[in-house]
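Order as written gives the chain letters A, B, C and D; numbering starts at 1 within each chain.
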Amino acid sequence: MNVLVWNEFRHEKENDVVADIYPEGIHGAIAEFLGEDHPTVKTATLDEEEHGLTDEVLNETDVLVWWGHKAHDEVSEEVAEKVKQRVLDGMGLVVLHSAHFSKPFKKLMGTSCDLKWREADDKERIWVVDPTHPITEGLGEYIDIEKEEMYGEHFDIPAPDELLFVSWFEGGEVFRSGATFRRGRGKIFYFRPGHETYPTYYHKEVQKVIKNGVKWAVNNETPTPIYGNAQPLETITKK
Amino acid sequence: MNVLVWNEFRHEKENDVVADIYPEGIHGAIAEFLGEDHPTVKTATLDEEEHGLTDEVLNETDVLVWWGHKAHDEVSEEVAEKVKQRVLDGMGLVVLHSAHFSKPFKKLMGTSCDLKWREADDKERIWVVDPTHPITEGLGEYIDIEKEEMYGEHFDIPAPDELLFVSWFEGGEVFRSGATFRRGRGKIFYFRPGHETYPTYYHKEVQKVIKNGVKWAVNNETPTPIYGNAQPLETITKK
Amino acid sequence: MNVLVWNEFRHEKENDVVADIYPEGIHGAIAEFLGEDHPTVKTATLDEEEHGLTDEVLNETDVLVWWGHKAHDEVSEEVAEKVKQRVLDGMGLVVLHSAHFSKPFKKLMGTSCDLKWREADDKERIWVVDPTHPITEGLGEYIDIEKEEMYGEHFDIPAPDELLFVSWFEGGEVFRSGATFRRGRGKIFYFRPGHETYPTYYHKEVQKVIKNGVKWAVNNETPTPIYGNAQPLETITKK
Amino acid sequence: MNVLVWNEFRHEKENDVVADIYPEGIHGAIAEFLGEDHPTVKTATLDEEEHGLTDEVLNETDVLVWWGHKAHDEVSEEVAEKVKQRVLDGMGLVVLHSAHFSKPFKKLMGTSCDLKWREADDKERIWVVDPTHPITEGLGEYIDIEKEEMYGEHFDIPAPDELLFVSWFEGGEVFRSGATFRRGRGKIFYFRPGHETYPTYYHKEVQKVIKNGVKWAVNNETPTPIYGNAQPLETITKK
């Protein structure tokens, strides 16, 4: 199983606070803990050739984890379309935090994916609202994060196929923080936390959720539909 | 309440069979029966300036009904984006038959919207699977259509918010024929029947469903979310 | 359209605080504002013969509003089953606050309907998360309630067909406060606020939601399914 | 992982046709192929003490497979309630064919679970409508069954959390043949085929679906919610 962590990798180069928290980049931190489950976690970043997402790389990726924030527009239309198409063809996609505004996620959702936000050290408490889902395995009833960026409703996404988490924020907002979507043959998991100026991706329960999400998003052997003109399977009476 | 019926309006000009069935165009036939409920049903077609979908027209439209088939690609990107945006802003959209492949619907769904198809005079029986929904008002348990084009699963759409109808086809296929989706502030209803070479839009129960769909899709006074940076509603403790 | 408001009507008789807030009973307060929309709002209470829910009353009721709290167990199994059956047959049901534990709701949900709770004057903020839904018409982005009982997740209900509201509570919890369910031919709306010691049912936006919920829950003319042994509609080949 | 196959086990004793097809009982046939995946598949039947479903047996069961038909009423209320409660507590439940009318399933659904039916050697074709779901792994686009009992819409269940399969029947009906539901901490999978007079449970693809369903329904380590009175997690301002 091949996992690829994609990161914009700009904040880490331009902001000392972020660089101090994530010296190997956000992708490095995520790849490290995912590496506990998967021997071959790779990474790719915006400034690589084709953003590190060549056809070959995409075709061999089973689950893609995506983090982006300030440079969504620099992702080329062509690569964004390819990522979308690979998801429809069966690649799993785990969309983190500010990647709600990434091109692949917006193309797959069909909505603005807009929301309220605030950088004010809100306390966040992420409540589990679906205690049957494998993405919640190993968790307690909620995850506390001491300080995070706030994201608030209305979150302009389609009604999720499954709503797993709802966040409470100190400043008075709520947010649908964990949600799954199926598109084509692909499974998508959006998970809210992870602003670049906080050490959120070192939080053990946040890591657990992302690990679970990667496992859930794999899709190896489900049917491949055939589209287009089709001969009848039964006799059609001439009328 | 302003209803607008949009039609590609090409088959009717190029194919005598279609012209005979729909001498006023498919849009004309649909506008006529919708006119029984709404005094001001307007129409627009592909070959008009801006496809008849100027900002002014779109902004005053409450529900847009869309039929297209062979010229989806001739709808400009700009107009398709505007239609999508108006739906997200609250305009209802009723998507008929081959408009499953129309640009606005594909953009709003985020999937290929592909399916199986066959033109072979299949009998179609459209079963109601949600007998609570206002779009099914006035119907019996199913609608029989003597001859129609077949559409078969897999239909590559997101799982609908509500699945209302499932079709049985003589040749051995099934299809999710009536489905609703909410995107942004807009309500979308997809309804399958209506191949251009059959008189489907004169079928009283098909008309009833489309009438119901138009009524359901209106959205006048629901909240308008505010997005972007937000001040806290409660005091955030300095930590 | 016949609306019936059912109330346990015990707190009002036993607790002066409640009696002061609702001198005509909670049912009286609800019936009064619903009466602004519907000329014939009736009421029924637990201590009436058959709890005021005779076959005749139930059969002519289009939408039943239910409030109960401390005497759920005194509702007879027979009446609870009849209410459930009428919902399956098409009667709308609006379930308020502590009626999450009422017999009809639990029977219709199939789950424990359990939750966290606290009576501690929490501030509640009810956020709209589905700005397409007619039950949200006329509202802003959220409803503020100065003091209310807290209900917290996990709320043990099936995943709602539509999630409309999510509450934020001062004490750190969230709750799926407004949710719809379809069961049989019936439409059900659960709405959280309304603890008996607070004047919540005088809150104009709370009233608006309940009014909208009653309108939404009516189901007059959708198909009535036929169940049981069925003759084939097409010829079955002898094999 | 402990799998338990429960069977009414009456047809096999009373009808030679059924006995010839399933000499070890329907439970025996199902346990045999499930045994290819799980070393410890056990069985239980109606006429055993407590229907073979003692507290000890239920508590150690991870996934329960249920087949019943003519003797649903002989399942005691007490045992039916215990099964329901174990599902809410996290036991998986795979409900086969005529068990749509079993007490545990009806209690968990809250609806009549009624449907149309016919024993007339209909051909059935089960189409995959969700090609992302692990329960569809290893299948093609559809499963053909030469002869089966017909089940037709309307199927009176809540809208499924996930709709996986839709059946086409030769006689003109359709049916939502594979559907999942979450209730409490439990995962439920309903799968349609398996009338006792046909050798359906020897069909390799039917077996594959049931095997996949059992794997999917396990729920080991998700959070266990705490219900009831709860202390605040944040300070509540005295007002």
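Just so it is clear, a residue touches a chain if its C-beta (ideal position, glycine included) is under 8 Å from a C-beta of that chain, and two chains touch if they have at least 3 such contacts.
Each chain and its UniProt protein: A, B, C, D = Trehalose utilization protein ThuA.
Bear in mind that the values here come from a model prediction, so they are computed numbers and not experimental data.
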Determine which of the two chain pairs, B-C or C-D, is joined by the larger number of C-beta pairs in contact.
-> C-D
If you fit subunit A onto subunit B using the CA atoms, what's the rotation angle, as a multiple of 5 degrees?
-> 180
Chain centre separation (subunit C, subunit D; CA means) in Å = 30
The distance between the C-alpha centres of subunit A and subunit C, rounded to whole Å, is 36
Return the residues of subunit D touching two or more other chains; collapse runs of consecutive numbers into ranges.
-> 123, 125, 128, 130-131, 141, 152-154, 159, 161-162, 170, 172-173, 182, 184, 223, 225-226, 233-234
Chain-level touch network, classified as line, ring, star, complete or other = complete
Mind pulling up the subunit D residues that touch subunit B in the complex?
-> 125, 127-131, 141, 152-155, 159, 162-163, 166-169, 172-174, 176
Complex contact set, residues of subunit A against subunit B | 84, 88, 107-112, 114-118, 120-123, 146-147, 150, 152-154, 156, 158-159, 161, 170-173, 181-184, 223, 225-234, 236-239
Inside the complex, what are the residues of subunit C that reach subunit B?
-> 90, 123, 125, 128, 130-134, 136-141, 161-162, 170, 182, 184-187, 219-226, 233-234
